[in-house]
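Read the structure below first, then the notes.
Naming follows writing order (A, B and C), and every chain is counted from residue 1.
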Amino acid sequence: MSAETERGLHTRELTVRYGGLVANDSVALDVEPGQVVGLIGPNGAGKTTFVDAVTGFTPAQGHVWLDGLQLDQLPPHRRRAAGLSRTWQSGELFANLTVAENILVAARPGGLRRIWHDIVGTGDRAGRELVERALQVVGLEGAAGTTARDLTLGQQKLVGVARALAGRCGLLLLDEPAAGLDSNESVALARRIRDIAVEGPGILLIDHDMSLVLAVCDVVYVMEFGKIIFAGTPTDARVDPAVVAAYLGVPMESAHA
Amino acid sequence: MSTYLQFAVLGLGLGAVYVGLATGLLLVHRATGIINFAQGAMGMWGAYVFAQLQIDGTLMFPIGQVELGEPGMAVSILLGLLMGLLLGILAHYLVFRPVRHAPVLAQVVVSIGLMVALQALVVIRFGPNNIDVEEIVPQGSIAVLGADLASRELIMAAIMVALAGLVWAYLRFTRTGAATRAASENERGAALMGFSPDRLAGIAVVLSALISTAAVMLGGSITGLNPANYTLMVVPALAVLLVARLESIGIVCVAALALGALQSEIGLLVTKSWWPVWAQSGIDQVVPFVIVMIILFAYGTRLPSRGALQSIRLPDVVIPRIRPVPALILVGTAVAALSLTSGELRFGLTTSLIMTLLALSYVLITGYLGQISLAQLAFAGAAGFTLAKVTMAWGLPFPLAILLCSLVATALGMLVALPAFRIRGAQLAIVTIAAALAIERFVFGNYSLTPPEGNPIASPTLAGINFAVREGRELARLEFSLMALVVVVLAVLLFIRIASGDTGRTFLAVRANERAAASAGINVRMTKLIGFGLSAFIAGLAGCLIGYSHGQLSAESFSVFVGLQILAVAYVGGITSFGGALVAGFIAPLGIVFVLLHQWFEMGNYYALISGIGLIVTAILHPSGIAGAVRQGVGLLAARWRPRDQNGSTAEPPTATTESSERRVPSRVS
Amino acid sequence: MPDVLLQADDVTAGYNGVPAVRDLSFSLRPGEVVALLGPNGAGKTTSLLSLVGLVPLMAGAVTVLGQPLGSRPPPVLARKGVLLVPDDRGLFFGLSVRDHFRLARRRPSRDREAVVFDRFPALQPLASRRVGLLSGGEQQMLAIAKALLAEPKVLMIDEMSLGLAPKIVQEMLPAIRDLARQEGIGVVLVEQHIELALSVADRGIILNHGDVVLQGPADDLLNRREQVEAAYFGSDQFSGSEA
């Protein structure tokens, strides 16, 4: 199977069960490097479950490959080390750390060997430069010293992206980056996402903001009741009857009768 | 065979007490989500009131008393229960209600504070020694299967199971009980149906106090009352609660009685000739610990937890930086203070230094990593007792011995950290207090491992200089105090370097949000292991210094209670900064403040009472402690002196210690 | 009986100083069904929670049953007959269906139970079953049934259709509307699927990014399908300004 060796993210037969409920049903999805892929669907369709399954935060069956590495048996932090980065719907920054510390902690996630370095090491110019570069990418220059909880929600989401990009990032999963943002912030975010994709890592974007997804994505997957019901271009998605029905519902004849 | 049966039945008396305490724990947990470590202590107060009424007709209050003549058994029982009920009401309004939506850390420490305070209050009002309690259920025996079985224990077990049955019926069949179950699952859902979760919690806390009081009254009538024993009986009761998976009162009854019987059988077995001598003492306390470990390992992640409405944030952490000038001033002041004092005062100062280290180990594990450990003093004790062995038996020289013994503590700390892989919060607190108790009783109090005549420790010498603490009539030699200072300074430097480096940052990330930490690539398990190891290392250093400062060790120096008291002062001082540890060192038991106050009046147990209450007040009102309050005050003053400049940045507040600048919020980022 | 059950005036509400809904105004009269619509993240749930005081108001005012909101905490409001079925359905999985009925009423009433069972006959044989064992549809029925059992004056339902097959929703919504008409209950429905909701509602409010983008009679909104779709799928703000 080519998915095992190709670059980019590939999932096959990814299935998540909660008790009797099948939250993800044999999902196959591909993200090539440099591509922005959208995953949309009505609330409760299983999109966040999918992100959790790919990144190892919920037990799942099936396969996940990133750049030829099989990740599905690894714990979350090992998947992150392999380049699979994610952001969270609710931001989930480390609220009482500064922006710089939020980014640094992802770039250098500690470990036994780090202790000696902590004791004898001097200065941290490399760290400061790393933080500056990461903040440049998301357009938050100068925010390094701010405590994360004092940022606006929009800024928090951007720091979340910067944190996900720090260190090795081969693929970026954005879980509802636009939720809670106002229209202007959402437009700014769309531009950032496109810029990041140009730089290299593929992006999987999960969002409810249809206009955002349709505007920035090269490919769109639509999920309903845990299944992929559509895969194709954003333009096609907009007019696909199944997609429209999933979002707006079908007219209720009986109620009018 | 009949002997075994007799012992099993005798154990039911203890089991009956566990039934009452564990049922109380279960009720409180269901209604508030809080694990009440003070459950035993709460049950004890009413039982003591009852016992005192029976002894001399005095009705004792926390302050003051009334002579009642000869009130009789029934009236005494009712008054005891009434006091238990009042205590429950007070505990609900003053202690538990304010932290119902606070982080687990605050919930655990307030109940610890309550436990320390009640224990101290009982000692103050009723004395530290065992007092006899008049029998409620008369002794007797019935013959079953050819064996004479103790009827008293059987009746007691029946009474407690019946009371637990009433609690079960309350939860099962009454509307309020059903609402309590409902709220424990989904608090918002219950509120939206018109139930006030606060009121439900209050009812449950009061009921739990009643049933626990009844249990301790009955238990006391067999064994007599003893402040330490009944306070710590919460540990086996917690084991029972975990076996019942925090839910089933039926299983609580069965498990509690089985545990009591099992401990009684162990008491029989250890007297057999084939039982190894080294495992004779304290083995009954190892059993609950083993049960706790097994249950939490098997089910830890699946135990029910409670979904609350909202949560307050954790106290802010101050990231330390080494600033040479303040650091030198601080060390210089310490050297001067040690040189200029002598005798008791110098010993108090030295003790404060050592206690700073212990508090620092709490700062690291709890303040930085967010893990609740109640076993830090047990780690210290392990190092201290190892020190006695390696210096006397092997003749290991001074600095090496300290290092080796602290590494022993490190290993022990990492071992206790293993359950932290799967559990956190209050459950971890249960494991660590059970571990501390097991270590205290099985190792420190075990005469075949640590002889009662004392564990002398060889005096430390290096390069011909003798660092012994005593010589002739000198109580605290300057050489020793300066050596302790050097060890403390080195440990603090180690702490600051690690806490301000990449490792410290991963600690804070894990504390803030374990999921997000894992998604940032942090190995959460490894980080916890490192944190427990480091904090146990620091605690181990403190344990060695305690050992040297006493010249020999006894189990009392490292008892669970002393450990909890030190946790209390660490929290009051400020659990999230080095400055807090320093304050804690000053106010720690036997530290310099204690010694100074002691010169004017007998502090004894009032000090423990004040620490307990201080812990509750701090956790509720000002989680960053005295050090945090000082920082805020200094920051405010500095802001007044040097108002904001045009860029909107504020002046850096000067602080008392090698502190970081306080974080300021810059103007909005565009 | 006040003429207006619930009145929201320029309500702005949210968490941590960040508004999730801005300037929401509407009134609810007895027997009326108002639908609060919009894509996810639009601020619907926050709006609903703010109407019973579970999310703090940042600006504006809410009057419930003739009194300002702040004077009564959520449990008291519930006892007065303002019932919210939250998005997690507010059920207790460890309790039985009968337990839920018992919790819903201080004094059990056979008549009332008969009325509710009549609307949701599927619940009748399940009375002794633990809620954790019910299907999603049965759970949602129970959530609404227990609210109806308390004889509400105001009933708010958050995302009733979430995770339910359209067929079940098509049965339940009209049942709720009929009961509202019969008993003079004011109903607020939060929904993502507009078609179903508007077919039973009297009026609709469409939110996006926390702002009210469309508000009016339900029939009116149904006829302005294109505007509604634009509120969901967005206009061309991205491609237009950024390309």
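As a convention for this text, a contact is a pair of C-beta atoms (placed from the backbone, for glycine too) under 8 Å apart; a residue touches a chain by one contact, two chains touch by 3 or more.
Because the structure is a prediction, the values reported are computed rather than measured.
Asker: Relative to the centroid of every protein C-alpha atom displayed, which chain's own C-alpha centroid is closest?
Answerer: Checking distances from each chain centre to the full centroid gives B.
Asker: Would you identify the chain whose Cα-based centre sits farthest away from the centre of chain B?
Answerer: Centroid comparison gives C as the farthest chain from chain B.
Asker: Centroid of chain A to centroid of chain B, CA atoms only: how many Å?
Answerer: 42
Asker: Just how far, in Å, is the C-alpha centre of chain C from the one of chain B?
Answerer: Averaging C-alpha atoms per chain gives centres 47 Å apart.
Asker: Would you mind pulling out the distance in Å between where the CA atoms of chain A average out and where those of chain C do?
Answerer: 31
Asker: For chain B, what residues touch not just one other chain but two or more?
Answerer: Within chain B, no residue contacts more than one other chain.
Asker: Could you list which residues of chain A touch at least two other chains?
Answerer: Residues 152 of chain A touch two or more partner chains.
Asker: Taking the touch rule as given, give the residues of chain B at its contact with chain A in the complex, in rising order.
Answerer: 313-314, 316-317, 494, 497-498, 500-506, 508-509, 512-513, 515-524, 526-527, 530, 663, 665-666, 668-669
Asker: Under the definition above, what is the set of chain B residues touching chain C in their complex?
Answerer: Going by the criterion above, the answer is residues 175, 178-179, 181-182, 185-186, 188-197.
Asker: Which bits of chain C are touching chain A when the two form their complex?
Answerer: Of all residues in chain C, those touching chain A are 18, 20, 39-41, 159, 161-163, 166, 170, 173-174, 192-196, 199-200, 209-210, 228-229, 232-235, 237-239, 241-242.
Asker: Using the touch definition from the top, list the residues of chain A that touch chain C in their complex.
Answerer: Where chain A meets chain C, its residues are 42-44, 152-153, 176, 178-183, 186-187, 190-191, 194, 208-212, 214-216, 238, 247-252, 254-256.
Asker: Residues of chain C touching chain B in their complex?
Answerer: 52, 54, 73-76, 78-79, 83-86, 88-95, 99, 102-104, 106, 146, 150
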